[in-house]
Amino acid sequence: MKISRNAMLFTILVQLLLATFAAGQIRREVNFPDILGYKTLKCDFHMHTVFSDGTVWPTVRVDEAWREGLDVISITDHIEYQPHKQDVPTNFNRSYEIARPGAREKNILLIKGAEITRETPPGHFNVLYLEDIDPLDTEDLIDAAKAADAQKAFIFWNHPGWKPEHKGWFDIHTQLYENKLMHGIEVANGGSYYREAHQWALEKNLTMMGNSDIHQPALERQTTTENHRTMTLVFARERTAEAVKEALTEGRTAVWFQNQLIGRSRYLEAIFRESIEIGKPHHRARSAIWVTIRNHSAVDVEMDRTGSQGPAKLALPANATTLLKCGTEEGAEQLKLSYVVRNFLIAPDKGLPVDLTIDLR
Amino acid sequence: MKISRNAMLFTILVQLLLATFAAGQIRREVNFPDILGYKTLKCDFHMHTVFSDGTVWPTVRVDEAWREGLDVISITDHIEYQPHKQDVPTNFNRSYEIARPGAREKNILLIKGAEITRETPPGHFNVLYLEDIDPLDTEDLIDAAKAADAQKAFIFWNHPGWKPEHKGWFDIHTQLYENKLMHGIEVANGGSYYREAHQWALEKNLTMMGNSDIHQPALERQTTTENHRTMTLVFARERTAEAVKEALTEGRTAVWFQNQLIGRSRYLEAIFRESIEIGKPHHRARSAIWVTIRNHSAVDVEMDRTGSQGPAKLALPANATTLLKCGTEEGAEQLKLSYVVRNFLIAPDKGLPVDLTIDLR
Amino acid sequence: MKISRNAMLFTILVQLLLATFAAGQIRREVNFPDILGYKTLKCDFHMHTVFSDGTVWPTVRVDEAWREGLDVISITDHIEYQPHKQDVPTNFNRSYEIARPGAREKNILLIKGAEITRETPPGHFNVLYLEDIDPLDTEDLIDAAKAADAQKAFIFWNHPGWKPEHKGWFDIHTQLYENKLMHGIEVANGGSYYREAHQWALEKNLTMMGNSDIHQPALERQTTTENHRTMTLVFARERTAEAVKEALTEGRTAVWFQNQLIGRSRYLEAIFRESIEIGKPHHRARSAIWVTIRNHSAVDVEMDRTGSQGPAKLALPANATTLLKCGTEEGAEQLKLSYVVRNFLIAPDKGLPVDLTIDLR
Amino acid sequence: MKISRNAMLFTILVQLLLATFAAGQIRREVNFPDILGYKTLKCDFHMHTVFSDGTVWPTVRVDEAWREGLDVISITDHIEYQPHKQDVPTNFNRSYEIARPGAREKNILLIKGAEITRETPPGHFNVLYLEDIDPLDTEDLIDAAKAADAQKAFIFWNHPGWKPEHKGWFDIHTQLYENKLMHGIEVANGGSYYREAHQWALEKNLTMMGNSDIHQPALERQTTTENHRTMTLVFARERTAEAVKEALTEGRTAVWFQNQLIGRSRYLEAIFRESIEIGKPHHRARSAIWVTIRNHSAVDVEMDRTGSQGPAKLALPANATTLLKCGTEEGAEQLKLSYVVRNFLIAPDKGLPVDLTIDLR
């Protein structure tokens, strides 16, 4: 009995489709409010596949993005570092091409990108919104950046504090920056935060980026509040790749890193305001009032008192309601509690100052 | 060195207050949509404390209610069954009095109630909205019900299938029912569902109740989707004890039991409609469309296809987004998928029929 | 400034090594007792990588095996089904070669294998203990099996109930079986159990296999008691590839599938006996005794009473201690409770009968 | 129809028994090795019920102890602080009496105890192994301690750093200590560690105690490695109340507090040695070896390198296996890695020094 190989292909395809479908069906949304008239999109612009030094097929990155509530991803395989090329011949544009059909089906915006990879300094640079990656495969870094720029790409410096012994802002960075060949900078990458990069972003008006740089398959425990994926929140006019590019160019981002939000104060202030819902006091006794505070966001908000009223420390866990008891004076119409949000960083070591206003009428 | 005992009291009180506060701070809201112009309140009208055969101080029931996202509770200690009375002398009104201050602070509506406790048949009956429980301590059951009625109480039959060998609707139940001394009936209690009670509630227009009947401390694992507290959803004009009473009297309830919703179809249909958000198709290829369905409720919705289109089974997990791929015809303006929601019970063994309408234009 | 690409390679390699190391460090052991003088090895003989239709690099399968407490794996990429071959040119022996160094480092026994893939019937067959996979790439199935046999391979039939419309034992299976070209059969594969295969294994003395057939990255939630990887327990003289082969050849296996153990009664009985530790009664009152039962295994043991004493149902959760109260007679020296272990299947629908003996002296 | 109240009691009792049984069945053992010929018992000697300022019935403390893997508990209600006495009339011996039957059934050793409660200073003192608590109800603290001593009780100072403004070792403590009326001291209580108490315990040879001081119901999340109950490990000749008393008197204890072990070095060293199992190297390549290290205990062991070999930091998670890669020299017969266990405290801020010896032959 001889059985043709070809006949079985359809059967296997159907089974695979079903299995993939089953596995990928459930998506947990990450709660961040839209702010200032913009949509808040959850983005990861730095990840790898077997087409450079990652260990997953490109479709896995889309499945993970769906499952973890991401809106936008860019697969950014190394151009120059191709350790699997013996088995997976170099083909810069393939990870995007392979991931694209699934991204469309799962409504993940997929941005074509790549990582320009050089010894540190100058280090690595991600390039987003490419049409063709091949022209970036050049010997000279500046040539590669220019090739990207010719495609109107968005370029950012990756993990600028990666190698402590060689870290710093060098002439090559000034050259890129002054030639408008570096538009953003990672202030966080995976499990690392770069204090200097945070400072540089503020001083030089670079767009703040935070990404996973994931090489292995994503673990599910990395989707908890305590241990989430490092990501970039992008405040975009709409949920399109073009609007994301505009937002990146204009610096409308914040970074979510290990339960901290890092960003410019106007964005963090708006996120705080839209996330935190203060009830009306539901009970009064003697000179105290009781009020609920609901945190609609995915961040555990941690605050230290800077004023004279309210508890010294106030924690507002993510997606939960907190009970606040607070002293008050006879006849007051309003209670204003002044705090600094310790894990909303508007500069290195500098939390966001906020007021909690409780209406007593 | 002699040290006064009295001086230390304030210190201990302060410590206790802090500890209690710390433990009770976080509340996880249970997501059910408001429907039909009513607020959907999460209620548990059946629970015990050390004042009958429970094992917790009344304040614990308030702390648990806060933590688990309940809006309304009634502590319903047995009147006639007082196994702790050697150590906790009988005092019917005390569990309410002790729980009240904390309930006010935590914004839990606390309904004064009690459980009239007789051998089965006739069984046990909960009485809500009492002013004084003492008059219900009578030998004759009907006298107790009349004493409750004199206080305009709401009376319901508890766990009507509790003792399989004696279960059934007896003359005494008819007597109570016809004299308007029985207004509701538990169709679920703790881990049990009572099929006959469900049927009787529909036939006799009794308000459907579902409660925990908790005696021990609540375990945290009972707050997951899979293993939540059995509770009554009450559709009330506003979040007040009076509005809850009106809703109970008018039968505006549903029961949440082991990831099933049990209730009249008009309420379950409204909950479904307000919980399930169907996106616009975000992708089309060949003759298929892809669309997301978000379930904003706390119930894992499980559906079986009754029409000709869509997957045979469709699961919409709680607080998550599901991806649906569906075949469609050229030029169709709308896709209507007919399903029955297996775990929304509008009668015993009868799920709620629903249509999922997808706009293709 | 020009920077050489080559200089950076060492740096990247060091970082990768650190990251891989960090991610792969922790292993949770799966608790099954050694029995009958054999070591109980946890094995998965069916899985895929990018070298056929899987979505991970071969090293990922080793990392997962380490993390999930497996002792032995075989990567069994399809020979005839190579959907990625445009990007990953066919090379049958490569997934083994790539996985081998990590397997050695992590002390995972890696068996070279492959999946012979034909339309159903006859279906798919896994081949283990190959030296070279290339000779199996033949048009005729029997030729492939003979090529495997020439390498003294172990051959088993995969997911025999996969396609319901075509399932069954056909002439081709008789031909393979009678020519000693089929030594085992999957009674479970991923989320499926095959009742007929279970029966055939018993009747024809085929080795019972249970494997994951995983194509995607392993999810962490699949490592819980409720939702573990489907695997084969092999009872081997020692922890070596050769001893595993001997055990497979002699049929010394059991299958762990969805919290059920499937296997011959002598093995299941031994696992039960070595897993369940019954204490001495620690308390007596009136005519009852209290005793603890500890389950050292990873299976939640579920038992139904077949005798006259003990609770009707007895659950012994995995890695936990259960309290048993039991009536007893005056002066008895021993209490023997007869049960059937519902989830230890010695044949389709047939649980393992056991006695729990409690020493009362 | 009149129905007797009395007839229903048996029914309710049966139901309660079943429910209690169901809830209390599963016990998760806490893994600590027996050491130095002693049994390692998990103990909590400080907890409250409704008979002082706790919020649970005494039986709950036994159920929690069973569930959480404790061997020994003492309910230590305040003698002088009786905030519930209006509802629960003072009766010092009742919490023990009520808890005793369940403790026998669940094989929990229940020690009769109480808390002598004074303003700080001198503070609170727990007294264990009482026969009658009534004689301790005296105005003068020394009189109470003497009444305890007359019953050969074991007395220890509770939470000595509780009130920061009044903390310290005062004359009254010297008086108790010199008269042998204070035998132990809590170095940890609930969420607090007392550095000075740790130092005093070492200097004055006081038995180190660590307890929960729990007032509310125990939450399940407090049974994880990260967030376990604060407890005292007692190294006793056997699992009896008498042997525990002997061990307490001789200072054979250690404290488990927030994933730290606190105790004398001879005990911590023995726990480390019996918990950590180092394999033989399973792989060598170039000048490196790979070896597994299994941690059989419930503590995540965290180590810092003090020698020249091995990784700078080495984490050995609880109940897990860790992979260690280590450089080695040609021809060496043994590899000795010197570390300090950061979370095994043999004095304030002083970790336990250990050597990991790897046999290379």
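Read from first to last, the chains carry the letters A, B, C and D; within each, the first residue is number 1.
Here is the rule we go by: a residue touches a chain if its C-beta (ideal position, glycine included) is under 8 Å from a C-beta of that chain, and two chains touch if they have at least 3 such contacts.
All figures in this text were calculated on a predicted structure; none of them were measured in a lab.
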### Query
From chain B, how many touching-chain steps at minimum until you land on chain C?
2
### Query
Which contact partners do chain A and chain C have in common?
none
## Note on the structure
Expressed in whole Å, how far the mean CA point of chain C lies from that of chain D is 39
### Message
What's the distance between the Cα centroids of chain A and chain D, rounded to whole Å?
### Response
43
### Message
Run through the chains and report each pair that touches.
### Response
A-B, A-C, B-D, C-D
### Query
For the complex, which residues does chain A have touching chain C?
1-5, 7-9, 11-12, 15-16, 19-20, 23, 50-51, 53-57, 59-60, 63, 80-81, 84, 87-89, 91, 94, 98, 117-120, 122, 139-142, 162-163, 171-172, 175, 215-221
## Note on the structure
Given the complex, residues on chain B that touch chain A span 21, 24-29, 66, 101, 104-107, 282-283, 285, 290, 292, 294, 315, 317, 319-323, 325
